[in-house]
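Chain IDs A, B, C and D follow the sequence of writing; residue 1 opens each chain.
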């Protein structure tokens, strides 16, 4: 059994690396056509992401929301219910956490942070609960409702930070700052890397354990793969779908809380520019595998930080970097297909085996 | 010598990990009925799909009407008069019967638009010509499998097929429907000069209809014989490689307490029509109650209602002396019920999951397989799965294989392995051997009897009268959601029971 | 303990090249808005041409995750960092502390008491006051093609946020100052990047007898101009002189002197006359905000007479006779 | 209130709905073929860019439309190759197409027009507006239905054409069969893959038209990300309309209506954030009502 798994994983990794390689190759060709040296370009990309302590820290800081939203996607998608509403849940969670942070300044730090995280998880989870119920009880497509609820949440928090909770010192587009003591400790000077990366690691380990090692993870998976079967065999499929949505929403909410406590120290009206969508993409690419989500998040964070310094270092316009980046994503996404083609080739060429 | 209408030369087909067809050479003569038999997973369907252009053979040659076919598609096979009715129906559920029949070459007006009126007329004409009655305007999703079968045949005939490949056409048919189908086949061959290739697991059918039989085993063509030269026993032995005994069953008298009690049960079918009308039955420990009925008369709904998979409108169900009327499937299972569902693909299995995960289902929270009901003991689970695979003779390369890639019979064995290994007193069994080969049938029947003799109360629904008669202690006939008769085994013959299955009520005193 | 160490390695080698001053421009959004950010870039371009400085632009594309990254990067490669966008309020304070020897020129917000952050904040309410006054004067002037009698003017804002509301307050005050009966209708499109929404919003205003719409909506505002063209009515541009986009329908623009003030600051730094750490509030008095009517070759929609009246209002504001309200 | 509910509200509705209708017609074709396309957002953006490009360089709106169609075909092909040929997850490919479109258009904007952010020019020839003289006289019809951009009317015709295509022509049957039960199509000798390709190419074309309408009909310019979520709303309209062209048309109009309403309600003193929520909340509410009715029917 182990052999099969290793073989499958190897196949997956090979085709993944092949597709990344192919994408980089196409990117290189585009660079050449634009009169740039691809070796210099990619060198700058890697150096931009890992070239110094600060840069490594910056890259890793970016993985936090990606991992959390990626895991959030994984738990919902594997359970056969599609939470596309992570963005909205993140916004609401971030706001709730910020609210705790600027309202209960006198609480002990430990209590306040726990309270903030719980509030963000609760709000995010609740906001995912509604589309979950609409899906399970009324069979209303959760893809639409969660997309719609994203806009609603973003508008609603936008109202909050511009009217009742606007920062007291004028032009901000955010709430007041959370109490100084609550801010997560920074780990590397200048960078945004903070202790939330440890909490994220804990959450990732917990989610890995839940998904891969427990009977509950097994139930989620079975509900996702055939919910009629799950029901027939004694797993309450509807309950598990809703649970998946709640966990998913809670993780997105926590991602929001970490952005507030670790990065911005207040809620900002545009606190996330599509983290949840990036996380979704990541989870899809690695097929909801928690370990894969962590690794792919690092890769995505590398692309983001690296390409950012690439423009300064090489003069390759950022638009071109954007094109290359999207080609890389397209090719990683096509990984499965390339693998199938290779397999078919092998089968047709190869000899008959029993 | 007869014309060789189809010929295969050294055909092999490799799937990842499976050599489904291994160096097969055979020919089909014009105007004959050629049967193919073999165990589940022997490669029968694969071979047929190769003839039809759905699979390209990995090596070997295919000739249709003397013409060598290379890299051909079903379209080209159809052009040369080959038609195939697949094991799993190839019909679009939301389309009407007429739309399904003409799909792919629709009659048109103005060269642009589909002429629906004409389609309907064509179907009516076809129906008449071949004696296959259908209502062209009904949607496929609303008609019985028997009708769907007819639609499939009409579809091939509409396309002008003179070579018909029928892959297990009788698996889902009632005996009456099978009889009608055979009449049609004979008419097609004798009067209309068609050639028929038929796959079936029922050896009596082979003897009844075919001229020659090809026997497959583990991807190889074991042999080809003239039907007149063999009997069921010889065929079974050729298929399985050993003697198969579907002999008499020892059933020691067990007189137990009532474990299943159903009182005045009323329930609806999927479309919201009444399907069970005040049904009352009971089953005692150590007893098999067989339910005979033509499909669609409420048998499926009865089992589902008891299992908690269907809402009970009124009435009562008592299992193990506890009322279960409003409980959900999980709570009913907790009362000690195992359930083999009628449709293994939809209800009984998760195709995308491994055999292990399918077998674990229902035991994932047990102390045996998880610490505190939470942490899965994977090694133990794997051993357990391996053990069941061995015990229930599931043919597979590994317990990590996805269930969806097993052959139908082996999938069924996985369901049975799981459900029979619960320590339950009550078994609900629906169509346990549908599409299963004779070797496996023998095995499954043995398991059911073993459960009975251990003191289980078993409710059995099957479209196979043979099966009902062979296994049941008592038989009930259902017609349109009502009980029309109740008999002790031996009280009534197979021929007589059809009378009750079609609605003639036995006067109950 | 680490505060005394000079920040990172990058700038060391630059200092050997004697006088070429390295300037970075960090913008919260992206260039190409044909208004606020573009005009800040004009300042840098001008400095490059006239003062021979090295200039680099870093965009954050409205992604808060990049604010800090880009600012740090800019700080590492240059001596002067021009930071444009109120959004940098927190980040610039964090970063500037780490690079005490660098000069930060912060546009569009105010931070007091940091020795290396110089703030330039524009009083958009004062500029908008002029725009409102102008619109109120024009809307009833039926001698101009497309104007109706109704005293109704409009504004399309990108989002309902304090900065935009500051425009709104000034605009309304200006309009009411000229004509207390004028009705000012405002629609917030909810997006700075959706020109279709901008057009729809403006059309909704024009359908209500509004004939002049002031756009304060970034790329969404491009749609306002389109609406003006389609319904043969008028728009007022924002931040840069936008008349060139469509001189027939854009009657004027409320401008901020972003480019010029950036240029002048860099010039002063070069000459060594720069007083770092100050907060400049640029209003009409400082010529920081204004109303512009395009280049000379354009046919004017606004009459000389009205332009003169606008000038008079400016004087009144300068003299303190009029105080323009601010958004709270 | 009179300011809010008047004839121009309906006029706005029609205008706002048109890009949604065009894109949704494409998306429902792939939906019928069994592919959920969330890449419409990017496809619209690409169509919008090439529409402007063609119109600007050839000084002809027609060339703009043709180029938008052509680019739609290419992007549809790309989508098809990945989802159909390589059997990649359609969700990922959809997202990747959106990112790709964003990057590509910005890059081309820079390298072809040398600008960032936005491009407008008097040399971009817009699509003409249409005026039907015969309804000129009837006041309310004139307000609501007259003087829209050409594609508004074309989109209505296309709704009918797509309906006929799907339900009356062989290809329509085949596309639907390919989505619902591909094996049954394959076994009658027609390649479901081919049908999926056709739908995906047509989807590219329709999204291209939606983009061209956006940049040449509705507006006469291109700006970065100008599709601004229209692809997602179209998808919602498709799901709402159960992939039926007529119902989807209705759903798009409904959405357009609530969008227009949201803009107009800003005058009445509700913070704009809440009026902007109207289309989203209304959609969820409408879905809820429909679902509840369906459940009720089943019980009855």
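Some notes on this structure:
Basically, contacts are C-beta pairs under 8 Å (C-beta built on N, C-alpha and C of every residue); 3 or more make two chains touch, one makes a residue touch a chain.
Because the structure is a prediction, the values reported are computed rather than measured.
Path length between chain B and chain C in the chain contact graph, taken as the least number of steps between touching chains: 2. The interface with the largest number of contacting C-beta pairs joins chains A-D. Separating the centre of chain A from that of chain B, both taken as means of CA atoms, is a distance of 45 Å.
Note: centroid distance chain A to chain C, computed from Cα atoms, is 35 Å. Among all residues of chain C, those that touch two or more other chains are 160, 190.
Multi-chain contact residues of chain B, defined as those touching 2 or more other chains: none present.
Touching of two or more other chains is recorded for residues 229, 271, 273, 276 of chain D. Of all possible chain pairs, those that touch are A-B, A-C, A-D, B-D, C-D. Across the complex, chain A meets chain C through its residues 52, 54, 58, 62, 155, 158-159, 162, 166, 170-173, 177, 189-192, 263-266, 268-273, 304-305, 308-309, 312, 318. By the touch rule above, chain C contacts chain D in their complex via residues 30-34, 38, 160, 185-188, 190-191, 193-197, 199-201, 203-204, 207-208, 219, 222-223, 225-226, 229, 245.
Residues of chain D that touch chain A in their complex: 36, 82, 85-89, 91-93, 95-97, 99-100, 102-104, 106-107, 109-111, 229, 232, 235-236, 239-240, 271, 273-274, 276-277, 280-281, 283-284, 287-288, 291-292, 294-295.
Residue ranges of chain A in contact with chain D, taken from their complex: 134, 138-141, 143-145, 147-149, 151-152, 155-156, 158-159, 162-163, 277, 280-281, 284-285, 317, 319-320, 322-327, 329-330, 333-338, 340-341.
The residues of chain A lying in touch with chain B in their complex are 1, 4-5, 213-216, 218-219, 221-222, 225-226, 228-236, 343, 347-348, 350, 352-354.
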